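Below is one structure; the comments refer to it alone.
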Amino acid sequence: MDNLSNYLILSAVLFSIGTIGVLVRRNIIVMFMCIELMLNAVNLTFVALSRHLGNLDGQVFVFFIMTVAAAEAAVGLAMFIAFFNNRESIDADDASLMKW
Amino acid sequence: MDISTIFFTIVSVVAVVSALLVVTCKNPINSALSLILTFFCLATFYAMLEAPFMAAIQVIVYAGAIMVLIVFTIMLLNIRADANKKSFHNVPLGIVVGIITLLTAGSFLARGKVSDLPGQITPNIIHQVGHTELIGAVMFTEFILPFEITSILLLAAIVGAVILAKRNLS
Amino acid sequence: MFDNVWLIPLFPLIGFLINGLLGKKIKNETVIGGIASLAVFGSFIVSCKTFLGLISLPADKRVVDVKIFSWITAGNFNADIAFLIDPLSCLMILIVTGIGFLIHIYSIGYMHGEDGFYRFFAYLNLFIFSMLLLVLGNNLLLMFVGWEGVGLCSYLLIGYYFKKKSAGDAGKKAFVMNRVGDFGFLLGIFGLFWYLGQNHNVWTVQFTELSNSAHLLPTGGIVTFITLCFFLGATGKSAQIPLYTWLPDAMEGPTPVSALIHAATMVTAGVYMIGRMSYIFVRAPETMVVVAVVGACTALFAATIGTAQNDIKRVLAYSTVSQLGYMVLAMGVGAFTAGVFHLMTHAFFKACLFLGSGAVIHSMHGALHHVHSHDDAQDMRNMGGLKKYMPLTFLTFLIATIAIAGIPGFSGFFSKDEILWQAFANPLHGGLNTFLWAMGAVAAGLTAFYMFRLVFMTFFGETRIKAGAEKYLHESPMVIVIPLIVLAALSIVGGYVGIPKLIGDVFGGIPNYLEHYLHPVFANANAYMAAHAHTAHHSHALEWGLMGTSVVIALIGISIAAFLYLVNPTLPAKFTATFPGLHRAVYNKWYIDELYDFVIVNPCKTLGRFLWRGFDVVVIDGLVNGVAHVVMAFGGVVRYLQTGQVYSYAWTMAFGVVVIIGYYLFK
Amino acid sequence: MSNILSLMTFLPIAGVLLLLFIPKDSKGVLRTVAFLTTVATFVVSIPVLTGFQTIADFQFVENVPWIAAGPFAMRYNIGIDGITIWLVILTTFIMPIAVLSTWTAVEDKVKEYMICLLLLETGMLGAFLALDLFLFYIFWEVMLIPMYFIIGIWGGKNRVYAAVKFFIYTMVGSLLMLVALIYLYLLGTKAGITDFSLVHFFSLNVDPATQTWLFLAFALAFAIKVPMFPLHTWLPDAHTEAPTAGSVILAAILLKMGTYGYVRFAMPLFPEATAQFTPLIAVLSVIGVIYAAFVAMVQEDVKKLVAYSSVAHLGYVMLGLFSLNEQGVTGGMLQMINHGISTGALFLIVGFIYERRHTRLISDFGGLAKQMPIFTVIFMIVTLSSIAVPGTNGFVGEFLILIGAYESSLRWYTIIAASGVILAAVYMLWMFQRVMFGELENPKNQKLEDLNAREIAIMVPLIVLIFVIGVYPNPFIEKMTPSIKKVIAQAKVQQTTAQAVSEAQPVAAPAEAPQAATQPAAH
Amino acid sequence: MEINVAQLFATINVATIMPEIILSIMAMVLLLVNVFVPSKQKTYLVWLSLLGIIGAGFSAASGWGQNISSFSGSVVLDNFAIFFKLIFLVSAGLAVLISDQYMERENCNQGELYPLILFATTGMMLMASGTDLMTVFLGLELMSISLYVLAGFNRANLKSNEAGLKYFLLGAFSTGFLLYGMALIYGVTGTTRIAAIASSVAQMNSPLTNTMLGAGMLLIMTGFAFKIAAAPFHMWTPDVYEGAPTPMAAFMSAGPKAAGFAAFLRMFLVAFPMLITQWVDILWVIAVLTMTIGNLTALRQDNIKRMLAYSSIAHAGYALVGFVAANATGTTGILFYMLSYAFMNIGAFAIIVLVGKQGEPNGSVQDFAGLGTKRPVLAAVMSLFLFSLAGMPPTAGFIGKFYLFSGALEQGYVWLAIIGVLNSAASVYYYLRVMVFMYMKPSEEEFGWVTIGAPISLALVVAAAGSLIPGIIPSYILQLAQQAVKLI
């Protein structure tokens, strides 16, 4: 049980770090990496819980999350490239054409 | 304090530090490399949690595929840390929010209670049958539909990536 | 017997419709005037027939209701179009249609060639119609219809020369002041209807029923309130203080209108109304005091103003106000018969005076017009010595003047003296009586003074008209003169129907016909007064003495006028030079109009402007639009939260999550 | 002809469909079709009037299921009774006049204009006829849309502001009413009510505290529409900007929706709240009467003046309705009709001179009487009707209102309100004088033409009605009486029990008894 | 470990996911067809997709009245899912119909658009019928990823690209929270099946004090709140709608919002009804915030797409009012409202598509000036949509709002209903503003460039009918919606 708590706390820490990253970074790619970090934190939670609960549903979920992460990465990076092509920048703050 | 706890502690520290590095490194490449390190740490945890298959695909998919893609993109775009440009927003407030998030998470984790219904998949069974096989059995029976959905999802992602990234026809 | 009573108002209505709708097409003045006069004459004939019918009935049966149709019915409120035939209304319709007819005839001559000739006669007919409704209506509401109807006609006729701003103003003023009175009248109706209905379950506005239930009313209290409301109505219509100022202005209308409406008939409606409801008024002693005091004050006050006016019609107008004051005074002292008597005689001589002045003005106007002078044809300072140019007019005018001055033998003497005596001897007001009598007597003196001043300035002395114009002065045509003669004759003989008992006894017991005739109408009120007031007994000597005093006072007034304006015409100017302030104040009618402007009219306009610009637009609309603006401004602020920066969006989301979870955890 | 009410209500829609197929350039045809449609609607409404029985029940009822889902059941339930009969007739009567009134003034987008007018007619008729609360609400809101366009597209300089203000102001009120409506229904479902039919709700016992809130919501919506002080500011704007037909309809019919709402819904549904709020409503009505009169007095724009006079008139109507006795309510109902006729006519008159001179400032006129004699006569008559001179319709209504209110507990308010008759004379006659009398100084006014045949034809029916109602109002009153009695009974029944201790005795007892005595006299 | 194939197939009932299958197959066919038919004209793809959508629609509708769980409880075929599927198909169909003309004009008419729309629709349908956290999550991601691409579809256009980017980053960010919530729920209940979660929660001793359960639930709520654009997770909406190709903005405003509600409703009303005290007051606040912020901000918008974006936020708020009520009436209202919203909002966007020029330089409200004169029919139809959005009777928007607010009142949320209607009244202003410009402002514009192709005119007719007819005779649809919500 202690073990589980450790994992949960650890993943919470990682999730928080990921969140901070998304909030404070300006580089889109780094922001995306931080999101990946958040997802990984969730994955860790899932696996730890799955281990604790003694069923594999959580791990299957992690599998799907990874797939989704991959798909997101593909789409996301394509979009970053398009953005860079358009603006010669990868700074999220430059994406402010539309506001108010 | 047994060996696994010590090991867990060490890996945890590495994971957290490398995660922090992801956030703090000005150079995206460094961030990416730190992230890879974090992923490896997580793979280690998965192995410790008796989920070797997860550890494997963590390395293959995340550290291998996704991070390669990211690093590749960074290289492709030839992004360097620009000293003149701010690369951070309000860091102190970010830290505050992060800490609050953490505290909140800690709070609900501490006061919460996970299910303790004993599941069928004990470490024994994993050792007997094999983790990959077990996962496969679940995935292709109970979770066949989500699995199929991922195929469409990936197809959609591929089409989308192509659409977004391909050179203009004109 | 009275089945055809409805014809009385119908004829003028038809006349109005014909002239009003088709008059413009007819064009021929004789036809138009003929139709209008004929309509009134028809009414007069039917009125005579009705009168004869009525006096053929036994005295206690002389109250007849003739219902035409049911007008308004709502719940327990019911008002019919129905006519009340009783001695009072009969007398009134005779006066209205009789004098009305004469004035119609006169107008054919007087209005000759005026723009909108047909319009004038249509209005006149409409007026006669309304006045007949007023006097014939068997319930308060129908009376009110006539009441407002005559006000409306008065408005229309005063504003007849609508191109003149002053005419329009005067018409509006008349209507609005009358409306103030109407407001009181309405409240009176409401109060009476409600009180009797609520407390005694008598839901009615009908006169006969009211009369029958009058005993249910208490003395004073609510009745005082109700009667004061009604009296407010009367002050408006009968031009009493404080609502008299419209009447002098009303002289902007054509002169026949002044004669008919603003002297003979309409303005007496207030008196008529008090008479009609005498049985209610007597039950409110406080109101009676107010009525008497207001009447006496008006009589005196208006007379003072009359002494300094130079416009011939204005003098007559103030004289009218003053005489109306007498009538109201009569009502206030419970001398209802005397009031009605004076109403009648006043109708004769004042109509005669107005028509005579009209003839003078007409002649002056023509003469001045010939010499292209813009001198005022109504200003007495431009007249003088007219008697040799217009002898008949002068004669009739003089007779009427003598009548109004209260010289014995003429009609005015009988009625006025009766009022003064009653003011002195009535059982209602105790110590106040002397004052009432004194004011009346002084007013009588002033009346004699200013009326003869008028006569002297107009007809005597040297001709002051612009040189060369005098040869165009001429006697008026017969259509104008004949009514004058008839009215002058009535001014003499009209008084003999109501010879006071005192004098009658001297001449072998000639009865007071009028008092007998009107007795059923005022029986209710008189019975109440007899029962509730202590009648003091006065000696005949005293009565003779007072009568003599008033005659003497009148003679003094005439003498002063003669002295100042015949013997020593330069004296008045010296007098005004000596007391410029007094003269100015009197000449400017004691600045009452200005006072009203200052106290009521201007504050109202200012208030209106403030309420509009200040309150409606700024506060209310400002509030409404303010809410909208605040919402919009808020929208303007909120939209800037949407910075367009991804990180700020992420921040918001993170905050949202933290707050939600935090609230959940720590609530 | 059991569907005659539906036929009447939706006939204008048929006209709209017809208009859609007419090319937009053939303006004459468009106008004629629209006019004929409104006339046809009027013709259809005549059998309703003649077949109307003088009883309190709803007649010509059509009642079919419409929506049923969840806890709600709405029915297409329409019918007519004494309260609505004259309002409906007034609507069908005014509409042809309205169409005629802007025959030449509207040259732009004639097709859309006519469509809006016809849609508006359907909305108004539906709102008057609906006996289902939900259906009423639908029509109530539907009316807004065409009116919004009429003001906004064909209006004056400041039309957009006025149109939007009109729309949103009304909308705020009616949406709150919607909440109350739903709440009421949900209360009803607990008491076994199964659909929105109005009659069910009359017997519903709502506890007084709830009544207070529900009444406030209803009253707010209606008060905005009436409009009552201090919610009236949209009206002058809307009136000033709207084209003539818009103003006419707005004044003649739309404002009546508010007062009608009180009689039909707010008062009978919430008798105790009505009793509770009567003083407030009376105060506001009286303030409205006096206040609007003062403001009207200093207006520079004729139309605005007339608009404020509307506020004053409707203050009287409200006072009459809340006196809750037969005279008062009858007067209020009659005055609704009267105001429709007289103020409608006033707006038409303003429209006539505006069409000629394109200004409405009083100072631009003066002396028109010389130039336009027929116009003068008509204007005069309508003015007199507006200031309630006896013999015209306005007098009958105002008198009944005041006497009714005086009899009720609103005595002191009545006395103040009655002084409004003075002020009305002041502002109307002053305006009349400044516009019509005096010298014809402005050279532009010297070429004015008198009314043409079309304009006279528009005015004559109104003038006739002014006198008919003024001289012989009883036929109008009689048709309403049974329904008015019923409304009073509904709106008062609990009130008397609530206050039985103190006041009920003298008020209630004589109210019934003498009716038998006076009733036969009416026939 | 042996896998018993027979047993496996016994749990599978393909009929339950037939519409999804049809759509995805059609999407793949379109991908291939697009490659092999070398036509610059893509209209045929429109009709083909429409064919697929209609086929899927029939397939979905034919299952009405059943309640079949399949794939070991991963999905369910019930009326609720079917109703929502029809909403998605309506939005997809309308979006497809209005896309061709727009894409042609904007020079980005690539055939992949249609498969992506179909994929997104498939994802939504899975969200609606998914009864497993994984199915829901994957459906959501399938939808989202397709939408990211669709938002940034016109990649050469800076705004479109930026829209895609923002949507992507924030969407992924919110996914993190959603997943964390799901993980917590998994931890507390030991399962990912919604039904099992429900029974597990029901069996718990003290579900109300288990903070992990509550936090997980609320994190899931934030994830869905992002998808339905509820405050404070709405920030992406205006930027994305403004930047995305107009037909896609239309699609996003209708379909995914409904899909978010579908999953949200099923999750919370099936799995967490016990915890209603914990989520309802938060949802109350969110509903009020969403309505108010959406409406207030929309008041000050000139860009019409942006304005409609804010309005769509407000509409999510109205729908949340029904959610807060959480009773049959309120949820019926949500279903009905989402359907009518699809019609009216896509209809309004269709008009924007028509009126716009290339690159949309005339995207502001002011540029609609004179439309009422020059293009009366278009303006009239636009007015209909706007009135419906404003909730004026007799349009579908009114009936929808009526049920939503009724639901709240039925549950005693009087203030919520009052705030709702006041918001509704405020919203009237900005809808009217468009009409003010269309009808009441003069303009020199002749709108000569406005050509109405066959697909878009079909879309307009359908949208107009869908906005008006349910407003006049709503019974049938309401009853269907009612049957649909009975099962959750």
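Read from first to last, the chains carry the letters A, B, C, D and E; within each, the first residue is number 1.
Here is the rule we use: contacts are C-beta pairs under 8 Å (C-beta built on N, C-alpha and C of every residue); 3 or more make two chains touch, one makes a residue touch a chain.
Computed from a predicted structure; not experimentally measured.
Path length between chain B and chain C in the touching-chain graph (shortest route): 1.
Taking the mean of each chain's C-alpha atoms as its centre, the chain lying closest to the overall protein C-alpha centroid is D. The greatest centre-to-centre distance from chain D, using averaged C-alpha positions, is reached by B.
With every chain reduced to the mean of its CA atoms, the largest distance from chain E is reached by C. As a whole-number value, the distance joining the C-alpha centres of chain A and chain D reads 65 Å. Mean C-alpha positions place chain C and chain D at a centre distance of 37 Å.
Here the spacing of chain A and chain B, counted between their Cα centres, is 7 Å. Chain geometry summary: the mean Cα position of chain B and that of chain D are 71 Å apart.
In chain D, 168 are the positions where the chain touches two or more neighbouring chains simultaneously.
Listed for chain E are residues 134, 138, 141, 145, 148-149, 152, 155-156, 164-166, 169, 173, 184, 187, 190, 211, 214-215, 238-239, 426, 429, each touching two or more other chains.
Residue positions 628, 639, 642, 644, 646-647, 650-651, 654-655, 657, 661, 665 of chain C each touch two or more of the other chains. Here the chains touching each other pair up as A-B, A-C, A-E, B-C, B-E, C-D, C-E, D-E.
Listed in rising order, the residues of chain D touching chain E in the complex are 24, 66-72, 109, 112, 137-138, 141-142, 144-145, 148-149, 152-153, 159-160, 163-164, 167-168, 171-172, 175-176, 178-179, 182-183, 186.
Partner chain B is touched in their complex by these residues of chain C: 647, 651, 654-655, 657-658, 661-662, 665.
In the complex of the two chains, the chain A residues touching chain C come out as 19, 22-24, 26, 31, 92-93, 95-100.
Contacts from chain A toward chain E in the complex involve residues 8, 15, 18-19, 22, 28, 31-32, 35, 38-39, 41-42, 45-46, 49-50, 52-53, 55, 57-58, 60-61, 64-65, 68, 71-72, 75-76, 79-80, 82-83, 86-87, 92, 95, 97-99. Remark: chain B residues 89, 97, 100-101, 104, 107-108, 111 touch chain C in the complex.
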